[in-house]
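Written out below as structure tokens is the structure these notes cover.
Letters A, B, C and D name the chains as they come in the text, with residue numbers starting at 1 for each one.
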Amino acid sequence: MSHNSFGHLFRVTTWGESHGPAIGCVVDGCPPGIALSEADIQPFLDRRRPGQSKFTTQRQEPDQVRILSGVFEGRSTGTPISLLIENTDQRSKDYGNIAQSYRPGHADLTYDLKYGIRDYRGGGRSSARETACRVAAGAIARKLLPGVTIRGALVQMGPHAIDRARWDWDAVERNPFWCPDAEAALAWEDYLAGVRKAGSSCGAVIELVADGVPAGLGAPLYGKLDAEIAGALMGINAVKGVEIGDGFASAALSGEANADTMRMAGAQVVFGANHAGGILGGISTSQPIVARFAVKPTSSILTPGASVNALGEEVEVATRGRHDPCVGIRAVPVGEAMLALVLADHLLRHRAQCPGAPSGAILPRDA
Amino acid sequence: MSHNSFGHLFRVTTWGESHGPAIGCVVDGCPPGIALSEADIQPFLDRRRPGQSKFTTQRQEPDQVRILSGVFEGRSTGTPISLLIENTDQRSKDYGNIAQSYRPGHADLTYDLKYGIRDYRGGGRSSARETACRVAAGAIARKLLPGVTIRGALVQMGPHAIDRARWDWDAVERNPFWCPDAEAALAWEDYLAGVRKAGSSCGAVIELVADGVPAGLGAPLYGKLDAEIAGALMGINAVKGVEIGDGFASAALSGEANADTMRMAGAQVVFGANHAGGILGGISTSQPIVARFAVKPTSSILTPGASVNALGEEVEVATRGRHDPCVGIRAVPVGEAMLALVLADHLLRHRAQCPGAPSGAILPRDA
Amino acid sequence: MSHNSFGHLFRVTTWGESHGPAIGCVVDGCPPGIALSEADIQPFLDRRRPGQSKFTTQRQEPDQVRILSGVFEGRSTGTPISLLIENTDQRSKDYGNIAQSYRPGHADLTYDLKYGIRDYRGGGRSSARETACRVAAGAIARKLLPGVTIRGALVQMGPHAIDRARWDWDAVERNPFWCPDAEAALAWEDYLAGVRKAGSSCGAVIELVADGVPAGLGAPLYGKLDAEIAGALMGINAVKGVEIGDGFASAALSGEANADTMRMAGAQVVFGANHAGGILGGISTSQPIVARFAVKPTSSILTPGASVNALGEEVEVATRGRHDPCVGIRAVPVGEAMLALVLADHLLRHRAQCPGAPSGAILPRDA
Amino acid sequence: MSHNSFGHLFRVTTWGESHGPAIGCVVDGCPPGIALSEADIQPFLDRRRPGQSKFTTQRQEPDQVRILSGVFEGRSTGTPISLLIENTDQRSKDYGNIAQSYRPGHADLTYDLKYGIRDYRGGGRSSARETACRVAAGAIARKLLPGVTIRGALVQMGPHAIDRARWDWDAVERNPFWCPDAEAALAWEDYLAGVRKAGSSCGAVIELVADGVPAGLGAPLYGKLDAEIAGALMGINAVKGVEIGDGFASAALSGEANADTMRMAGAQVVFGANHAGGILGGISTSQPIVARFAVKPTSSILTPGASVNALGEEVEVATRGRHDPCVGIRAVPVGEAMLALVLADHLLRHRAQCPGAPSGAILPRDA
């Protein structure tokens, strides 16, 4: 058990605070012989990096990753891979006013209640900065999943959802929101500019899709693939809800409407729909894995809110300094990374127990 | 790591198939000296038991639990507690028709794809019957949480949600649906009778509330209390979505609306709202923990659906025999049990690392 | 983490006390499709069973194992395998005198100090009876290791060691001590008869050899194969020492004497010696794994010893009733089982990370 | 599960190779509020550091540790503590000759067999250099054990054992061997000079004693304190045997001789002896914990040995460059650190399950 590790066989342990000298993680259990260098990881960090548009925090961090171990002559050795990212832009003075006071809706209070001590600089351990480590580790996880494509998109910003009929994966890379609906993205620009100007914040919903996932990943009960995806996504800062496939909407469906019918195309099972989001009984079907998660609006806002401080005094708290009006934007690459981590871990677990299982939904199974 | 265990310090390992001789679980890590007998567990099993109204499967199981170890002279000894429930009503003939064919939307297919073998009788390991073990273990977990009250309620059946203004916990025990809105419960009777008559099924949404949870349970990242609750609830059969506090609705809120303001009442922090559902930064605040989960309609329906069989042939599959038109009903005690298991585990984990932490939101912390 | 589980991917959780209704275990992570029935397990339990000669406790237990789950139509399904052994010969009255008093050198005291409660009947959880579960689980583990032979032998009883020049594996099954030196076995009969008559007890050293273990099992550091074997063997009741290969004797060797030279026989590495006991750097070499463990004399003796009781009073304690003069004898099948459990777990772990690794010491590696 | 982590609640994950840019570890689960700085760790690293006498490798590393996270204003925060030690003296050229060839008795071969790739520079991951991380983590573990004293001593070098009658803890710090027998230390100087001159190597036996350990640490079966100590010590490079208390010698004792009698001194149990080494039934008694481990002679010797290379060719291999003639010397602080890690982890585990247990062997227990 570990409070700062993810995964079982492909296992990531993260460490670091926002304003310490560095953050980093250790990736243990990576198979040997995988071509790997910083150049495989950096592009994913660059996607997550703040300060790239006016819609994310203006903190400027190069987020340059270094591999300190586990790679030799360009290939993984099977030993732990240590990744380190230095913190270079630490303006501690910006955050001095929350050293003693607790932002409403923020982890400030609970850290102090639990530990009796808290590195308040930049949110310390609870800073979104920690997610850089997840993104870096996720980049390695993707190398274990050669035929799998993992993509994320923002499908709702504040109260404004996309029109799914306009979904275009190519659009995602062409706007600062990872929005698959180009029209919605335009509207969001205005909306978010207003939120930012008001010193306010808004939430978001992100959808993740993993294509090409082999059948058979997961397990019937505690190690259910959907349960572990849910835990991984709910473990991202500020996430308050997680869905697989039709999610909450499935509650309103009839059994007939919810069933994904099956037909054969040669020896391959093909499905009439994907209400299940690619997972049945905790095990992947070979259909695309579809997951969504909701990110709440950040509690770092300019409007003073009624709060208390460490002395038990009533205060008004407002966040000065840099912040993200919609932290959900940067959660897109983080969500992708978490999904990659879960899939890589389950791939190793699956082949440990079922080494001869076919990767597709092929019938008869042992033909 | 285990694919059939829950929890870390308070750890439950379940086993058994629907139509084998018995099901059961091992509860490891229970503190010693706790008064415990079958009489503490049986009432929770009786709540989950099928066959109690026309709205649940007519399978008749006494679900009588036996404690085989770990209790001596009426108290837990600190050694593993083995619980066993015999299967007495196994009508295997009812299920013969799905031995080779896969129900659309069911785990039949994925078990076969992963393992190449499957105990098809009554759903085998994927049967809802396994949840009896979770309920039994949850009853023990509750004994570790003396000041905590964990309750669940069905807040939506099919497309029909309750009116939250009529919420009455007392109503929950007075209708066969665990519905907190007595008027809605009446309407649901007719609705579900229709579903059942049509041989169809419907989904549901369950809400869980835990009052009296100490502050400080959880951890900032992987061991986040909300992440583990999400994993635990998504791990229940047929669950497709999980929310904490305002959940997906929080995405549409502004930062101002979402912040739970704080004031002091003596040395105690009091909150102006509970959008967070009792958890901030992965750690409990001492406010009520609020979680919701969505259950899909069961795939066991009378209407034949297009499917395939183990030979790779196209077939039509319908479920004959007993089944639940709304499996979400019986998921209420199961959800309560899972929440109890997570909380008990985190209580032990918390006191291991932070033995001197106060249980309430008291400020100043070390006064 | 679990205090009553063994292994990671092939994972065994045991439960039960000597005088409760039953003992048992859950084997999780077993690959599917393995032919398995009670008949595969029972012979190993019969080897461990007491009451088979005058040299083991006269407790008469049929130790009949039942498989309650995880096997369908004679093959493992990949779901947890629950094993149950009923306790049938529970003469609690024999042990009444130690309900309150602590045997010197026994766990009576420490259970009470830790838990404040103890099932004193027959030693409760600390009874050697629990090892039946390990033996049963070990029998399943062996099925995962088709080319591997795991054998154990008693190489020292009390102060009397065997003559290794007379080692004969066939002799092991022909005497009640699992002694590979037929002459020593004869001498031990008289020696142990004397120990038993005196109401005393003696220790023993057991040697385990696993032939046919693939190269590559294990890991460089915490998951070292030798470290996990050491933990597994030290985890058997009454064990006080563990060695791999030359063990403590290697401390007295020079580097030249200790090195196992290597030569090629075709593409296969052959070794000039096996001082290492088949493990280098925590990883198996493909040479035989050789491990030894020392069992102390049981503290259940007839001679009264100075002790104390739960009230803090000074008392004299003697054990009446049935007991083993040399518990090391029955530790032979238990040690074999523990080694099988470690090897099966590591086989799964190895193929998860290194699925393409050859099983033999073949060079060049990727030819 | 992790192949490079130690412990469960107090959990250490190590990473790094001998000749990479750095080595380090992450310590997770440390309680908050503990005074901690590099100055608490450095002295232990200095004790382990090579190059301090002619009897250890001449590699010169300052082994300067940096704390990168988890400590704020001089106190632990409860979040992961990342420790980093740069590698500064990397003479890769010294080791070039073993890039392809395998030293007999070394992990060179098995790494290649398992992973198909190996960082051969300075032994890579299998280098004794990794033990610096364990020593650093162990220094933190000691802070959790305020009343506990953990000391180690070399009790045998090659075939030369100390005279235990001359045991003097003060002597340990006064010779370069951590030898508690000043006379033996003098003799060893000559002996080891000869070994070194011959380009040979020798083994050693180390004894560890932990005074002041509370009663109740450990658990009856898999989590046995002795089993985890055995695993931890066997997990140190080059260790081939582990003993608790009388260890292998206990096999030759009678039950009467082996029993540690008990008497009361007020409410405190006092023992007539400590054959058990402070552990009964896997649980600490409050007597000193005594453990020993055997270190084999290193395989890095000047005499060429018959071996093979990665191409499957027969070669003669000799180690040039710096090496330790007796690696057991530097294993003393490493063994102490591993014992500290196990005890700190078990202290947290114990108070999670048994928060009210007294720390001493006090009777009656709940008086």
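As a convention for this text, contacts are C-beta pairs under 8 Å (C-beta built on N, C-alpha and C of every residue); 3 or more make two chains touch, one makes a residue touch a chain.
Here the structure is a predicted model, which means the values were calculated and not measured.
Averaging Cα atoms per chain gives one point for each, and the point farthest from that of chain D is the centre of B.
Chain B has its Cα centroid 25 Å from the Cα centroid of chain A.
Centre-to-centre separation between chain A and chain D, using Cα means, comes to 39 Å. Chain C has its Cα centroid 45 Å from the Cα centroid of chain A.
Shared contact sites, meaning residues of chain D that touch two or more other chains, fall at 1-5, 8-9, 14, 29, 32, 78-79, 114-116, 125, 220, 349, 354. Arrangement of the chains shown, judged by which pairs touch: all-to-all, with no pair of chains left without contact.
The part of chain B that touches chain D in the complex is made up of residues 1, 9, 29-32, 78-79, 220, 348-349, 351-355. By the touch rule above, chain B contacts chain A in their complex via residues 1-6, 8-9, 14, 102-107, 109-116, 125-126, 130, 156, 158-159, 195, 200-205, 215-216, 218-224, 226-235, 237, 239-248, 250-264, 267, 269, 272, 275-277, 279-286, 294-301, 303, 305-314, 328, 349-350, 354, 356-358, 361-367. Of all residues in chain D, those touching chain A in their complex are 1-5, 8-9, 11, 13-17, 20-24, 26, 28-29, 32-33, 66, 68-70, 72, 75-82, 84, 114-119, 124-125.
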